[in-house]
Structures are given as structure tokens and as C-alpha cells.
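See the structures that follow.
Okay, so chain A shows up in both of these, paired with chain B first and chain C after.
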Partner chain A sequence: MSEADAIVRWGKLLLAAGVLLLGSSCVGVRQINELAIVTAVGLDVGKKPNTVRLSAQIIRPADARGQTGAPSGGTGEPIYSVETEGASIFDAIRNLGRFSSRRVYWAHNFLIVMHEDYARQGIQDMVDFFTRNHELRMNTWVAVTPDSPAELISTITGLEVVPGEAVDSLFRSNHVAGLAPGSNMRNLEESFLSVSTEPILAKLMLRPRGISNKKPEEQGSLEQVELGGAAVFKEGKMLGWLTPMESRALLMFREKLASGIETLPCPGDQDRRLTMEFKDARMDVDPGYSKGDIHYRIRVKMDASIVESGCAKSIASIREEAEALLAAQVKKRIERVVERAQREYRSDFLKLGEVFRNSYPVEWRGMSGHWSEVFSEAETKVEVSVRVNSAVLKAEGTGVR
Partner chain B sequence: MKKLNITNGMLVAMIVNMIYVKAIGVTQGVLARQIGQDMWIATLLGTLQGIGILYITHLAMRRTPDLDMIALGDRLLGKGFGTVVALLIFLFFLAAIGPVMITFVYHLQDYFLPEAPLSLFIVCALLVGALGCFYGLEVIARLALIGCAFIFLLNVLIVIGSFEEFDIRNLLPVLEQGLPRTLAASLHFDVDCALASMMAALVLPMLKSPQKEGGKVGMLGIATSGLMVIIWSILEGAVLSAEVTSRYTISCMKLARNAHIGEFLQRYEMIMIALYSISALFQVMFCLYGVSVCTARILRLKSIRPVILPCCLMLGTLGYWIVKDHFRAIVYLERYWPWVALPIGFGLPLVMLGLRLLMGRRLKGEAAAQR
Partner chain C sequence: MNRLAAAAKAVLERKIAPGLADNEAAIDEVMGNCADLLKRSFLLGGDRRVPGLLVCLDGMADLGTVEAILKELLPFAEGSLKRFPDDSEVEALPNFYLSSASTHTCETVGEAIAAVISGNAVLLFEGYGSGLIANARGWKERNVEEPSTENNLRGPRDGFSESIRTNTALVRRRIRDPMLRFAAMTVGTRTQTSINIAYIGDLVKEGLVDEVKRRLGRIRIDSVLESGYIEELIEDAPLSPFNTAQSTERPDKVASALLEGRVAIFVDNTPHVLIVPTFFWQFMQAPDDYYNRYWVGTFYRFVRYIAFMISLLLPSIYVMLVSFHQEMIPTSLALTIASGREIIPFPVLLEALIMEFAFELMREAGLRMPKPIGQAVSIVGSLIIGQAAVQAGLVSPFMVIVVAMTGISSFAIPGYTSSLAIRLLRFPLLIASGLFGLLGFATMAFALLLHVLSIHSFGEPYLAPASPYRPSDQRDMLLRVPIWMMDLRPEFAQDRERMEGSQMPKAPKEGQR
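Take a look at the complex of A and B:
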């Protein structure tokens, strides 16, 4: 290779390296120490008419890491909570920039919680903003609260030092209690845009459940965030609430309800209690259509275990009665939630329209425009069958009490 | 001079790359807007039509295995007709830069670098494209092989990341809008297949034995692409729902944003986009190659190298103008581009086949005389 060729080769290499360095440089760069990482957002009606009040919980990484308390140079406060107002959500967020020393960053947001009053005015704006924003995760949890969202997102709950993370954990372990829907941005957007199904959001509230370690005599002196119940929507506006037990029945329609417990009176003895844990609840909804009338056959099958018994009789002897009692209880809950959906709210948050549409697409076309009226007139028949197949660790059989 | 060769695998990879990039997101959004949850059926029907057109392209070219479609035009009706064919293919790839740049730029700019200037994406894509063209088709084809491997990885990642939220009820009812409307919607996937048919029109003669295997390999390429794309259309319908899919220009990114593996690995769309970018760059590269080849033939040049830069400027200007305005981009994509892509991408092979059948004897005679 001649010297000139070598120079040309080295020149090309340097040029390529230069292009690599310059081409992959700092366009749109945002260093992590320049970001205000939001972990929870609260939305409320503003003080002025037609405004939005937005509260954001921003993490202080130095104080949030490891243990609670103030590391050197830290404040001891793992979060920094701020509130702002604006004519729209975007405007309120831009107003955050007036006093936040760092640029607000949404990609690690765990929770969006709206006040009841805000949700009753309509959530179209909120759904649109948070799905249009490229930074947000689609599995951000979304909930409604009757309390102040700003207070809720600043309340330290459970063992985590960052409230947003604590609520995230609450939602993740929601299947254990099974008393609220696991509503996130993805399924909210899906039901919000659906022509047949109305959205449903989890209910969060502040309850005095915590006991102070310093003043244990003041039981319930610390407020904690509690997840239970659901907010019902129709045409983008909140209509009302479902109780936690109604929400459990709702979960059978909307999600796979893995398990749950029911406490019942002992057969033949109203003063004693029997606690049963059901598992593998499977719901089949069969729609029917004849002469313009819609009817649904809702069948639920579940296995159950006796997890706590204060009954005087042996489990084996009351097994069948226990099955019937649990079936009646579950049936009552399902009928109650169907009743509220059809008669009180006239909102199909149970996905019954989707089931009908899938089975009767031609008939659906004529009804989709006025589905809420058709749905509220539909007949429903609920059948529940329960099989108690375990008493957990205890031996059960003839002769065992 | 040694004949430039590409392997059968390279051709399959090129077809997959050419179709996949736009079809998994932009096309699925268009299909969801037209026929809702039946978008996967439209994709399937489009794949079958694509297989048909690739076979027709092969039939048109198999008797003259050394000639691409422009040279075949020269042979059939003289140089004037060859120039017309070159002009049509030139127009096709020029117009194709719209959807190609929409796909490339909106993926990167809207989801990752919203503050970066548009010109950065256009210039970078064309620089890479120009480099590929400069080094020739073999380099482009090798890049397609890498792109194909990445596409496979990307599909594995999206399936794992979306499986938890898969709800088959979202895909029901099947054929809700009826077969005719689904067939009509499948034209949007045909538009993607048209890219492959025009690519085949230029590269089929470069296969080792195009006469024997061109048709088989081309059809296999379309079938593989269809399979890769249908995975996305089923996932988008079942995980996001058709209503949500229809709301987004780049619906595959919406699905990618939802994907997570367990609780720990979330928001890994950056990994996916890195895998995807090779294919997106391949598309830009081939558009530039197509335009450059046609320009060189029209100007009767022996090499495409002198025209790469002017072609870059042309494609860059048009691409920039289309992508700059999202509203214009959607109108171009849904209304104007199919009117260019389908008549040329599907019509030209049919016309060439017809002419070849009519003038078969003349071709045979000329071939014998040359021998």
C-alpha cells in the first residue's frame, strides 16, 4: 500500500468516526439529573371556572433510595409534591415549569388519580392528553377518589417511601383482595373508545388505618391509601360508585378473578361464621336473541376451600349446605351489580354489549346506536355452581369435627 | 464483467424487509380505520394477492432471465418503451418515498426524539441509503439479511411482551363488515406488496437461477412477510382493540409501548426500534436504488453512481415535504399513494406479461439470433 493510499484510508476512518460522534450526539438530550421524575399525578377541578388543578408527586432520588431518613446532603423527604392550575392539563403542566427547577418527566409515572368532581365533568380531555403523550406508560394506573388527589398522592402508604410506588404495589397485589378493577391507561382507552363497553375505574380513598409507632394509643391516626370499589362511567362522564363487594362481582365480567373470600353464617347457626375462599372462578355469558328481545344466561363455576370455620358441625357434614350458601351469596352479588348497571346507571360497564355483538353481529348493527336503552331492558339469568373441594390443612371426613 | 448475484435467501429477506416496515404499523392503522378487528383477515387476503402478483412478475420475466423489467421493455417494444417502463418504475419509487419516510420518521421522531429537527432524520436516512447504493445491490441485500434476523427477534419480543394482555374477544366478530369490504381494505396491504413486486422487477435477474426459482423464492418472500405481519395485526387487534389501533398513525408503536416482560422489563420499545431501524433504512436504501437505477437507464448511463446524489436531493425534498405536515402525510398515504402504487406495482407486471405472451415468438427469434 502506498503512502497516499494509507493517508486516504486513515482520512476515511477519521471522517467515519467524526460522523459517528457528531451524528449520534446530543439532539434532544435530557440528563437524568436535570429531570423532575413524576411518580403520581392528581387531577381536580380548578378554583377558577373551567380550569384544571394538577398535582404532581416528584421523586427526590437521593432521598428515596435505600432507607428512609435523610442521607447526607438530602432533605429526608423522598418526594416533592407540587400543585398548579391551568386552562387545560397541558397548560397546567407547563405552569409547573414556572417553579419546578427541573424539567418534568412523565415516563416513570405510576398513577393518575382524579377527583370525583373532575371525573363527573368528563374524562375525554384526560384520556386524550395521557394517550397522546409519548412519554407516558400505558400501564399507568388510573383511579378516582372522593378525597383530595393532592393529599392522596402525597400520603405515604405501606412500606414504600414513595407514595406512587406504594399505590403501584397496591394495584399489583389487587388480585388478592379482588375488590377493585385494575384500571390502567390501556384498558381505560380501550373501553373509552369502545362502542359497546363503558369505562370503569378503581376507587382510591384515604382512610385512617395506620398506627403511629410513636403514639400507638392513637389508633388509626395515620391516613393510608385504600383501594376498594369502582367508579362507573357513561359517555365519558362519571355517574357514581360501586361498593367493593359489587366491584368483586364486576371483576368476574371484566377481568379474570383469581380468588376471593366470602364470610357466611354457619349452616343452621346464624351466630357462627364460616369463611370460604373461592378459586378459579369462571364466568360464561351466553347471549340470546328472539323477536327483538335480548337475554343473557350468566353461568359461574368456582372451586372453594374452607379457610376458617367456627361452626359446631364437621365440615364434611355441612359441605353441601356451605356450597349452596356460597353460591347464593355470589349470585346475589352478581345480580346486584347487573341490576345497578341496567337500572340505576344504564351503563354497560359489564361488557355485555361486546358479548352480544360477538354472537349477533347483524342484530348488533341495528342496536349499537341506542345500546344503553336496549341493554337496560335485557333479561338476565344468573346460575352459580360451587364445589367445595378442600379444607386446606385440616383432615375432613366422617367423624372429624 | 462478473454478473452480480444475490442468493435466494437474500431475495426473501429483501422482500420481507420491504413489506414489513410499513405493514405492521402504518398499514394496520389504515386497515383498522376501514374494517376494524378484521384487519388480520385483510392482511391475509393481501398476502395471497401479493403471492399472485409476485408469480405474475416472475412469469413476465422468466423467459428472459438476464433482463430486468426495463430491459425487457426495451426488448419487447424498443428503447422508447423501455424508457416508459423505466419512467413508471422511477415514478413508483419516487412516490414510495412518502410512505417510507412517514414510517421511518414518525417512528423515531414522534416516539423518541420529538425535539430533533426533521431534516436530521431525512438527511441521515438518505446518507445511509446513498452509502448502500454506492456499494451496490449485494451490500443492500446483505443488510436485508441482518434486517430479517432482527425482524424475527422483534416479533419474538412483541409476542412475549403482549401475550399477557391478549384478549381474543377483541378479534370478534369475524368479517363483521363483510367479505367485499375486507377485500377492498386488503388493497392497502397490496400497496405494500407492490413495493416487493417492483423490487422484484429490478432484482429478479440477479438471482443465481431466476428462471427456475425466481417465482418460488418471490412467493416465499411474500408468504414470509405476510406471516410476520399477521402476528402484529392479530396482536394489535386483540391487545389494543381495533378502536384504539385505528386512532394511531403508527399503531405498532402503540403496541410496543404497552409491551412488558413481567414487572421488571418495561418500556423496551427502544430495543425494538433499534431492531426495526435496519429494515426501515433498507426501505429508504432500496427506494433510492430504484430511483437511481431508473434515472441511469433513462439517461443511458452505465453506472448509477453519478445519479445517486441528485436522486437523494429529489427524494429528500419530496420526503421532507410530505412528512413535515402530519395531515398531509395521512392524506398522501391513504388517498394518493395507493393510486400510484397499485396501477404500477400490480398493473405493470400484468401488462408486461400480456406483451410477453403476445410477442413471445419475437423474443424467441431474437434470442436465437443472438445465440
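Take a look at the complex of A and C:
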């Protein structure tokens, strides 16, 4: 074969490749500016029975980001909130296409928030839809609200331009306040699929927290989204709520919460307050098994410091009492959440089943089928030890040290 | 072969005749009435007054040297030849009377004319059947200047010029080793371009020099105007966009290549010298790496590798992510990109192609333009591309950043000729990823990788020492280890030991001074 032949052959190959490339006409292409990027989704029960009302917060990038050198026409609103109804979630989303000029795009969704009523009816559909869709990210936050989800996702906060982004940052820093679980699609699905563990979702609500700059005398006239508390589930249906303080104890079980603050009455003086911050809290759950009975020994060790003291006595003198008070308080909270899980909801959202299975895999096999009954009968013993190692205070009750 | 060429060929093969007039006629017949041909007849000193003829080319031969030769031969000039030796041959003339540095005799008209054309003076005498060639070469040439395409901060500033002798001397000055050899060849039937193959006899890989000579000897071409002609005719991978023969203007690069056991090909009339075998990684290495401290050298090598990745991949990755895989962009970034693209009328692929083309246009225009206009064009170009296009809503600000990054990165690659290959390869990658997203990008990138893996340069794999993996050569690929650790030459060199080991300097301990 001569050189010229080789070149002709290569030329033909290239030509064929070129025709193939052009013939494909950019299959599957969708430009980023042709997408309606959803940043938050609300789910509610529809007006008619057996329908779903879906509200979506769609971002308007040009206005959400402002001028980035390019001129951009716009109404100035960073988000476009819409609502549809349908027989199922998928149906509702398809109905979204009736009026959305752009293709609805879910991959950048920050938040899925369900109304309490919707959650009580069962979240199987929702988990199914939002995990099967390959575009969706598993780190989307999931929450339940007693207020209107549509209103909640379109409430603009003072700091962020996009509400979905605001809730995203709220969730990211949830360990600062430590009052709600950081529930996202991943751990929801994990608990949802687990035989023993039941899902738990964070609670979002609208509270009049914002102060209008124009009318500062009307305190708290602007509603803001607040994260606190949790929704308890069993067998895919919501059962009820946990208070924010119960959620803190829950976080110790589920997310290894290591720090937080507690306000206590002063030792020997119920009217004055002592605020303590605990750090490096470590929880050990030891399951035990004897003759068909399961018992748990829950031990918590923590270091604490006194961060605010209104007590009349010197810190040195109340230190040991403060330790005991804090230990009792934490113990009370843990016992409370365990009590609610075992007796009230009979739902193992504390992952105690997993702990037991890891230690007693053989025994587990016999009881996995009726774990929720076994769990609610289990005995628990909570031990808390606190060590106050620093009083980061200058002022001491009535004067400066 | 036409009639004129046939006639000239017949004359060239003729022996030099004893009759001076015959020879003059023969020269005239071949060269015609050439404007720069200088013929000076004279009478040789001594009793016999032998008529002689000096032939040279004005401009190729140094007239001062020619005059000095004549002065020694003319009878009445002071200190000149007083008597012509009766019976001796012309060959004896230089032994007694000519002080020229290099002389030899010639037997045919062809040899005489070849000597004249290359700048020598040819002396012919009545009654003698051979001519005498005296070296009188001397022409105007550019000075040794700083190389314009390969700059550095620390290191020698001299660059090759157009004269092959100057160029070989620049290398010889750096390597005063008797084993440094220059083998001469001539390529080009009309241009008769001199080519020198430089190598160090005891370092170069066995057989490499013969292979280079074989490939050069195979060339049948009328003209060689630049080393690029040679490069394309001796390459291993003639269809590849990558160049498998490195070209450089820097004598220090050539010297270092020779010391690693490679071969350099000098071509007359060009400052670009070829180095073979060539490895891909060489294009990422600059002489500064070795002249600066090794920390700096290694760091900037990494900068260059990143620049290489950016200049090859960044536009494709951007196009791929923005038009196919938006879920792979972090949300905040996705929103920013989307906001910049809100009013852009083109798909991302077209936008990228337009901007890349605009950039290449500016580069090419900037290169070809007469220097005084350069500034005007660069101002207009950068304003149009950077500012006006964005404000008019034709391209997104992000695309401007991507293209600018790509352009700057491609200039950071020291081997300018190889950065051209990367600039070309960007386009197939860009189109493939714009048409098929990640699938097209990955396919094209792998095709490219397989291609680079498959090509060789004078028998050496192009990607060595990365693939095939050569452990001891790693010291000078990604990293630039300290000089005291580079004790071995590359694996293909004959004699691998470069220096004695363990020469890491140590400060003397206190009291031992």
C-alpha cells in the first residue's frame, strides 16, 4: 500500500467520523441557561383527596447573581415560585411543564420540605421519586413543617438571596445550635431501607423573627424560617414531633453531637441562672443481652465550662454542684428522648437496633422481624459524667474576680 | 531533465582542461553571465609569466581575502612570488607561496564550480589540468543574539544564528570534549544545504547516529530552506500532530541533549537545530529548571504541567459541564455561570469555538503584523474580545476567562512548537465534548492518549520514561531533583554515569575548618 493510499484511507475514516459527529446533532445537549433550576421543593396534600400539591422554587440566575458583566433583563426577583397539583409527585411535576417555559431541572435542589399532613400519609412515594431520579443529589436536605411548605420555600431571608440557599446554610450549621437533625436524602433513605432504624426528619417552621427596618416598632413582623425539632416516623408514616431539646439528645445518638449549652438554676438559688457549655461529649451505647431481655447502658462523658454565671457564690465553690446539675439535666434529656422513642412512638429512630445487631448478630436474627416490640420493652440505663474544667469568666456573681 | 540541464551536466563532468580559455568558457556556459561572478585574470610571477584566472562570487567570498591571495601571486607586488617553479605541480604552490588557511586541488569543472558557489576562490593556470581551491569564504551574517522564541531569566543569553559554523562553534565552546563529533552531509540538489550531525561518540546510543545518517541520506529533495523540511522528512510519526523531533534555538539545550546521549542536527541557514530522539516531557522542561534552585525548578515544572492540562482540557471541560452535566457543577457556581449565560444567543460549543478562533486570530495577527501596528491591534483585539463582546451579550464573561486562561497557559509551555500541537488538539476535544458531553470528551481524550502512547521518536517511545516506566529516569521528569542526586544519564545513553554519587554538600562541623 502506498503512502497516498494510506492518506486516502485515513481521510475517508476522518470523513466518516465527521459525518457521524455532525449527524448526531448534539444528542442530549441542554444549555445551562435553558434550565429551570429548582432550589427547593415543597410537598403538601392537594385540595382534592388523593392528590399532591407540589410547590417549587425556581431560581432566576440573572437576578439571583446580579450583574455579572452581562446585561440581563429581569424583574429583579431572584426566585420564581410555582405550585402544581397532580395525582402523584411525578404527575405534579409533569404538570409543572405546562407553564414552565424552561425544562425543570432537579439536580441542584437544596431542600425538600413536606407538610405535616403529607408526611403523616406516608413518605414512600417521595423517597421513591427523589432517589430514583438520577439527576438528584443525595445531599438534598429533607424536612417536615407544620406550616405551608409553599410559603416556607418562598420566604426570603435577610441574608441570602435565594431561600433554598438560606435553608441549606441553616442545615449546614445545625450543630451550632444542635436542636435539629441534619436530615438529608442519604440518611433518610438509609433509615428508610433499614429493618430496625426509623427515619427522623428535621422540623422547619415559620416564626416571626425578623424586624422590619422600616417599622422597627412592630417587632418580629417578618416571618423567618426556623430550624428546630424533629419529626418522628414509623413504617414510612410520620407519628409526631420531638421538641428542640429532645432533638439535642437525639443528635447525641445519631450524629455524635459533641457540644451545646444548657441553662441551669444556680445551686441553692432557684432564681438565678448558670449557663454551661459542654464540649467533647462522647456517648457510648453498650447493649446487653440475657435470657431474651435486651438492655442498654448509655454512658455520656463530657467536659463543660461555665460560660455565664449569675450565681452569688464563687465558681470554685459551686463547681461540683454545677457538675452534678448538668449531669442530671443531660441525663433527664436523654431519658426523655429514649422514653418517647420506646413508650410513646415505639419507633427506633435512635439507631439502637443497629448497635445491638453489631454486638449480637446471632440473637438479632431471631428478633429482627418484630424489632419495634422488642425495642420498646428494652431496659435502658443512662449514666452521665461531667467535668467542669474551666470557667471562662471574669465576672463572678456580684463582682469582678 | 531539460536541454539546458543536460548540457550543464555534461560540462560539469568535464575535466579541467590545460587551456585557460577552455576552462573559462566552461564556467561561463554553466553559470551564464552571472552578475555576482568575479573573474580576475593575472600573470603569475617568475620567468614564464604563466597566465592565471581567479574565479569567485562577489558577496560569498571575502574580497579582502581574495586580494590577499592575489597579492601573494602577482609578480611585482612587494614580497610576492618572484619566480614560478618550472616543473612542480600546482599542488606544490600552496606549500611555498600561498598563506591561505585551507587549500586543495580540484580535477573537474563541477568541483571548481561547487567551490566557487560555496564562497571559495578557484585559481586556474594556463597549461595545468587542475585547479586550486583557496578558502576565501566570508559573507555578512547576523550576530549571535538572544533567542527570540525561548527566553529565560537565568542562563546564557546566546542563541543560534543562521551560520552553521557559528552554531557548531557555540556548542563546541560548551563541550570541549574530543569525543564531540560533527558529521557533515549535504542535502538538497539545488540548495546544497550543509547539515552537521552532532553527537558525543562515547555517550550516544549505539546505532543512533547511523540511523540518523541513513534517514538523512534517504532524502531526495531539491531544496532545504529550514530545519522544518528535514524534520518532516525524518520523523517516525509523520501523520501525528505531535512533533517527534525537538527544535531549539538555544545552544545550552543542544549541549545538554548531547550530554544525555542524544543527537543534534544542525542545518545551515536556520537558527533552529533539531534534537532526536525526542520525548514528550522535554517540551515541559525549560533550561531555567536546572539553573535555578531545584525547589523553584520543580515548582515551575508543576506550574507548567498544570498549564498544559488547562490549555488542552479546560475549554472542553467547561463546554461539557455547562451543556451536558450541570449536576456536576457546584450549585453556587452553576448559578453564576447560568446568570452570565442568560442572554447569550449561542450554544456553549459555538461560543467556545468563536472565542477560541478569535484568540487564535489575535495571536496570528499579532505575529504577522508589522511591529509598529502591533499595539493598535492588541488594544482593539483585547477590547473587543474582553469587554465589548461581553457587554454586547455575545459571549459570557465565564467563556472569556476560560479562553484567556487557555491562551495564557499555552504560552507557558516552553517548547513553543509543541504548544502549537496542543493548540490544535484542543479543537477535536472541544468539538467532541460539545457534541457528546462526557462520552465524547472521554473517547477523544483516550484516543489521544492511545495515539501518544503508540508513537516513537528514533526508536524511543514518545512518552518515556513515564511509559514504559523507567524508574531511574523519574528524577528528571515530573520533579527536578537536586543536581547532586542526578548522577545517572537517561537510560538510552551508552555511558550512564554522569557524576560520582553522594556529592551532597555539607557544611564542615565547628572546629574542623
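Points to keep in mind about this one:
The rule is short, and it goes like this: the second predicted complex is superposed on the first by the 363 of 401 C-alpha atoms of A that agree within 3 Å, B and C clash if a C-alpha of one lies under 4 Å from a C-alpha of the other, contacts with A are read in each partner's own complex, and residues count from 1 in each chain.
We adopt the following convention: a residue touches a chain if its C-beta (ideal position, glycine included) is under 8 Å from a C-beta of that chain, and two chains touch if they have at least 3 such contacts.
The structure presented is a predicted model; accordingly, all values stated were derived computationally and were not measured.
Applying the stated contact rule after C-alpha superposition, one finds that A:291 touches neither chain B nor chain C.
Shared-chain residue A:98: touches no atom of chain B or chain C.
In the superposition on chain A, contact of A:370 is made with neither chain B nor chain C.
Of the two partner chains, chain C is the only one that A:33 touches; chain B does not reach it.
Chain A has more of its residues touched by C than by the other of chain B and chain C.
Once the two complexes are overlaid on the shared chain, A:357 sits against chain B while remaining clear of chain C. After overlaying the two complexes on the shared chain, residue contacts for A:10 are found with chain C alone; chain B is out of touch. Shared-chain residue A:138: touches chain B; no touch with chain C.
In the superposed pair of complexes, A:47 makes contact with neither chain B nor chain C.
Touch criterion met: A:107 reaches chain B and chain C at once.
In the superposition on the C-alpha atoms of chain A, the part of chain A touched by chain B in one complex and by chain C in the other spans residues 27-28, 107, 137. In the complex of the two chains, the chain A residues touching chain C come out as 7, 10, 21, 24, 26-33, 35, 37, 39, 59, 61-66, 68-73, 105, 107-108, 110, 135, 137, 162, 165. Taken in their complex, chain A has these residues touching chain B: 23, 27-28, 107, 131, 134, 137-139, 172, 186, 189-190, 193-195, 354-355, 357-359, 361. By the touch rule above, chain C contacts chain A in their complex via residues 239, 322-324, 326-327, 329, 331-332, 334-344, 347-349, 390-391, 393, 396-397, 431-432, 434-437.
Note for the complex: chain B touches chain A at residues 110-117, 120, 124, 165, 169, 172-173, 176, 240-241, 243-244, 247, 254, 257-258, 260, 263, 266-267.
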